[in-house]
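Each of the two complexes below includes subunit A, the first together with subunit B, the second together with subunit C.
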Partner chain A sequence: MSGTARIVLEGIGVVGGFGCGIADLSRALAEGNDRPGTLSLSTGSGPIEFPAFRADTSRLKEFVPARTLRRIDHFSKLALLGSHLALADAGLAETEHERLGLIIASGYGATGITYAFLKSFINDGDICASPTYFANSVHNSAAAHISIVLGARGPSLTVSQFDLSVPSALTSVRQWLLEGRVDRVLFGAVEELSELIGYAWYRQRGAPRMPMTPLWTGKETAIPAEGAAFFLFSRTEEARAGYCTLETAVTGSPANAGFPLPGDGLLLLGADGRRETGRRYAVLAENARIACYTPLYGSMPAGPAFDLASAALIIKEGRIFPSPGDASLDFPATIPAGGEPAGADRISCLTLAGDKAYGLTTLGKLPGTTGECARED
Partner chain B sequence: MSVAPIAITGMGCICAAGGNLSDSMNALLRGERRPAPPVRFASNHPVRYPVFEAVDFEEPPDLLRTSAFALHAAREAFADAGLDRKTLGTLRVGVCVGTTVGTVMSEETFCRGYLAGDEPDMAPFRRILHSNPADVIAREFDLSGPRQTVVTACSSGTDAVGIAGSWIRAGLCDAAIAGGADELGRITYIGFISLMITDDSPCKPFDRHRKGLNLGEGAAMLVLVSERVLRRVGIRARSFLLGYGSASDAYHLTAPRPDGAGLRSAISEALATSGVSSASVAFVNAHGTGTPDNDRVESRVLHDMLPGIPFLSTKGYTGHTLGAAGAIEAVFTAACLEIGKIPANAGFETPDPGIGITPVTEVTPFAGSVALSESLAFGGNNSVVVLGKA
Partner chain C sequence: MTTVEKLKKILVEDLNLQELSPGDIDENAPLFGEGLGLDSLDAVELIVIIQKRFGIEIQNLDEGKAAFQSVHTLASYIEGRLSGG
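Moving on, here comes the complex of A and B:
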């Protein structure tokens, strides 16, 4: 990469419990709107209902004919909607996608259709297994549907690293662009809150209760979620409109190599109310200048992609959004008030996994530009 | 566009052909294969389709069989590379593993219990969360570099090797353990039968009478190291990763694009990044599943892009090991480059006039030093690695 080349984030497409589109996320961030919907389940002890962030894919019909969507499951619909929103946000919805790379991250994959496939032969015998459900149950089904709908024939990669799926996939986004394999990469993270995942959540953690207070790290306050967050990245040596630059994306374990936390700037924590990672965030972020927006979109392996979208909006708008529930902080750190200037040219997003592993993604301000870009309403 | 070669210093493999790379290669060269109906699980499907199980392998109760396979192959690969835990601790080592089932949240007993209105045991679910293949290897060897579990269906193992090479070139790590792993279970078995692409007899890649694939299971791992580490640690290269390419069909979820455009792009990129010409390729380890569609498309592309170059599928010895296949076939390819001969394409008897080219039918010596290993996958993924003799 030459001295002036950079990776620019040109467009964002998000759908989640907060709404659909980058404008809805921006509004939720500004207003601190952390109002999830609900998930209803049958359990061995009767039906239950608890808070959950659900995503509505009805806007997908603006982009893809209903006929094309007939056999596409909720997981892939989320991904298709996110990808089209990102392309539209970048003003590239009608562009040819010959040199477009596609990278998808998902912790759990297409769990709804996987469960439907299992039901097809559990209920009716092995000979009645559904081939359609099976074909759509593979982790890269969302990538396949996107490439087919867009006619994208570049390289395609799907990563499933549970909590680290997003930062791990972002290392490949950077590599593909730095190597010149493709001109642009459409990157997205997607997670569906299927009946199966909802039930497993309930069994492991019990029914969640409001509010989600991830910065009170000693307490379990996570609320399950689904959604998709997509990004269009390009490599350029010229000034190009966009949100920000992708500076670094690393994953690893601090066992031998130390931990490359940024010394300045804002640290956006992926803490999502799960106790097993909460205390580690508290230790690592002690005395740092932090923000955390997971109460707006909930807890899911794709969550770090929404952190990324939030960080990009902060950089673009030049001001920090209030961290929902910032009063519930059980470790020493500085949480900037809403509206405070971003204050530094870089924001790092920290993601921690259940073991010692971490992911750290850093976004930077576009040099010499105002950062303005095409925006959907 | 060519990139620096990356040294492969160690390899490990487990599959139905053998519990390590040496035993597997010997079985291939002897022409041995043992497809049989599954013994580790049952099905009430009226037809008993043959599979290639690693029947002697037992996984520990706290790990998915997939991840246990991955660990087994990783141990062999690190030992083969001469990298002990102490040395590994001085390096930043990445882990990149391809799989199809290693991260899937599907456990039949759990789902049956839930469907029946019970409160099923959560242990199987927790085992999945604890068994991400890349995480398992990183934990076991205390590796500090990047980690990635690639889930591009049947091209996962090939992609993982190519990605790990890219990490080393970029300086993201000093070395990497890369490969693929997949177990065979009821869900996969029933799923492939439902697609009507499995053969009820031993598979016959590229044969006129081929009816489909036989599933298999196993893992293979390769240790890739930077030039600097090669010199510093004083270990030898067994072979080299010269290039990698991948491309999408953008056509269908399970069927390959009839004109093979995605595979053609992947081969072109792999050759361009390796800096070698198609004429210098000694042989191709083809995907060769034995399904009518795959073998037709793949042979058409080989005929056009690599005419006259010997090719084979090794799936007649291992079955289709899905996310492990690309890695298993990469280590077979590298091992063949070392010994200068390739095994016969097991199961092939009758040339298919619709294909027009035939794979090697006996153990075949060759003189070159470069070979291709290619994978085609559900989702329309096509991936190719170019390997070179040390």
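Moving on, here comes the complex of A and C:
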């Protein structure tokens, strides 16, 4: 990449428990609205209901004809909605997508349709297993649906690395753009809270309780979630409207490689109330200037993409949003109050996975902006 | 419920034709292309559905092609097979 070329984030499309579209996320961040919906399940011991962040895809009919959607499952609908919202946000909904690459990240993938296919296979035999269910259960199917509907002719890829799916996929986003393989990359993270995932969550962690307090890292407070967060990235050497730049995206192990925490920048933690990673966030973010917004969109492997959207909004608006539940902090760190100036030119999003691995994505202010990015629309 | 009525209901529900109700379907209209607008993946799905719902396996391609002209021809084919024809 030449000295002046940069990767610019041009548009964001989000759907989750907070609502649909970047304006809804911005509102939830400003108001600290952390009220989830509910998930109802049938179990061997009777029906249960517990808090969960559910996403509504009804706005998809604004973009895609109902007939086109009839064979598309909930997971792919989330992806389709996120991708259309991101393109519309960038003002590129009607553009040709000849050299548009597509990268999707998901920890679980399309579990609802995959298990519906297995159920049809088990109940009706291999001869009568649904071909439509099978087609939708293939791992890259959401990317295929998006490519077909958009007429995108670039490469498409689905990355699944559980908690590190987002930062891992972002390394490919950068690579494709730096290589000049495509002109733009539509990148999105998707997670579906199917009945199966809800049941597995309930069996492993029990019914979650309100509120979610991820900065109280010694306590299990995670609430399961679903949603999609999509981003339109492009490489440019010219001034281009957008939210911010994608500076770096790395994954690694702090034990082996040290840990490249930003100096005076804001560190956005992906802590999501799960006790197994909570203490590690506390150790790594000790004495840092931090924020955490997971109580607004819940706990899911795609969560780091919502962190990314939140960081982009902070850079665009030049002010920090309040961290919900910031009073429940059990380690030494600085949490800026809501409305405080963003301060430094960079924000890093930290994601931890398992015992050792991490992902760190850094966004930067667009050159020539003073905080709020100039938008053409 | 007649076989034609059953088939219309199955088409709407199992092929997820959300914009139609069973009463909207013309039993003599072509299933594929013009008419109901089904495609090749629907054809495969329909073969599976007929086996599952009626216990009829369609193996002869020529027979299947004739049966899949419309709801009416499909209903006649199913009734013929069920009565041992």
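Structure notes:
Throughout what follows, the second predicted complex is superposed on the first by the 368 of 377 C-alpha atoms of A that agree within 3 Å, B and C clash if a C-alpha of one lies under 4 Å from a C-alpha of the other, contacts with A are read in each partner's own complex, and residues count from 1 in each chain.
In this text, a contact is a pair of C-beta atoms (placed from the backbone, for glycine too) under 8 Å apart; a residue touches a chain by one contact, two chains touch by 3 or more.
If you're wondering where the values come from, they're calculated on a predicted model, not measured in any experiment.
Under the clash rule set out above, the superposition-derived model of subunit A with subunit B and subunit C shows the two partners fitting side by side. Of the two partner chains placed by superposition, A:Gly270 touches none, neither subunit B nor subunit C. In the superposition on chain A, contact of A:Ser141 is made with subunit B only, not with subunit C.
Contacts of A:Arg67 after superposition on the shared chain: subunit C is touched, whereas subunit B is not.
By the touch criterion defined above, A:Asp124 lies against subunit C but remains apart from subunit B after alignment on the C-alpha atoms of chain A.
Judged by the touch definition given at the top, the superposed model places A:Thr114 against subunit B, while subunit C stays out of reach. In the superposed model, A:Gly325 makes contact with neither subunit B nor subunit C.
With both structures placed on the common chain, the touch criterion links A:Arg153 to subunit B but leaves subunit C unconnected. Once chain A of one complex is fitted onto chain A of the other, the partner contacts of A:Glu179 are limited to subunit B, with no touch recorded for subunit C.
For subunit A, the partner touching the most residues, choosing from subunit B and subunit C, is B.
Closest approach of subunit B to subunit C, taken over C-alpha atoms in the A-based superposition, is 8 Å.
Common to the subunit B-facing and subunit C-facing surfaces of subunit A are residues 127, 129-131, 135.
Listing the residues of subunit A that touch subunit B in their complex gives 42-45, 102, 107-109, 111, 114-115, 117-119, 121-123, 125-127, 129-131, 134-141, 143-145, 147-148, 150-162, 164, 168-169, 171-172, 175, 178-181, 196-197, 199-200, 203-204, 250-257, 353-355, 357. Taken in their complex, subunit A has these residues touching subunit C: 66-67, 69-71, 124, 127-132, 135.
Taken together, the subunit B residues at the contact with subunit A in this complex read 1, 3, 43-46, 89-90, 92, 100, 103-106, 108, 111-112, 114-115, 117-119, 122, 125-126, 129, 132, 134-135, 138-139, 142-153, 159, 163, 166-167, 170, 172, 186-187, 190-196, 245-254, 261-262, 265, 269, 377-381. Residues 15-19, 37, 41, 44-45, 48, 51-52, 57 of subunit C touch subunit A in their complex.
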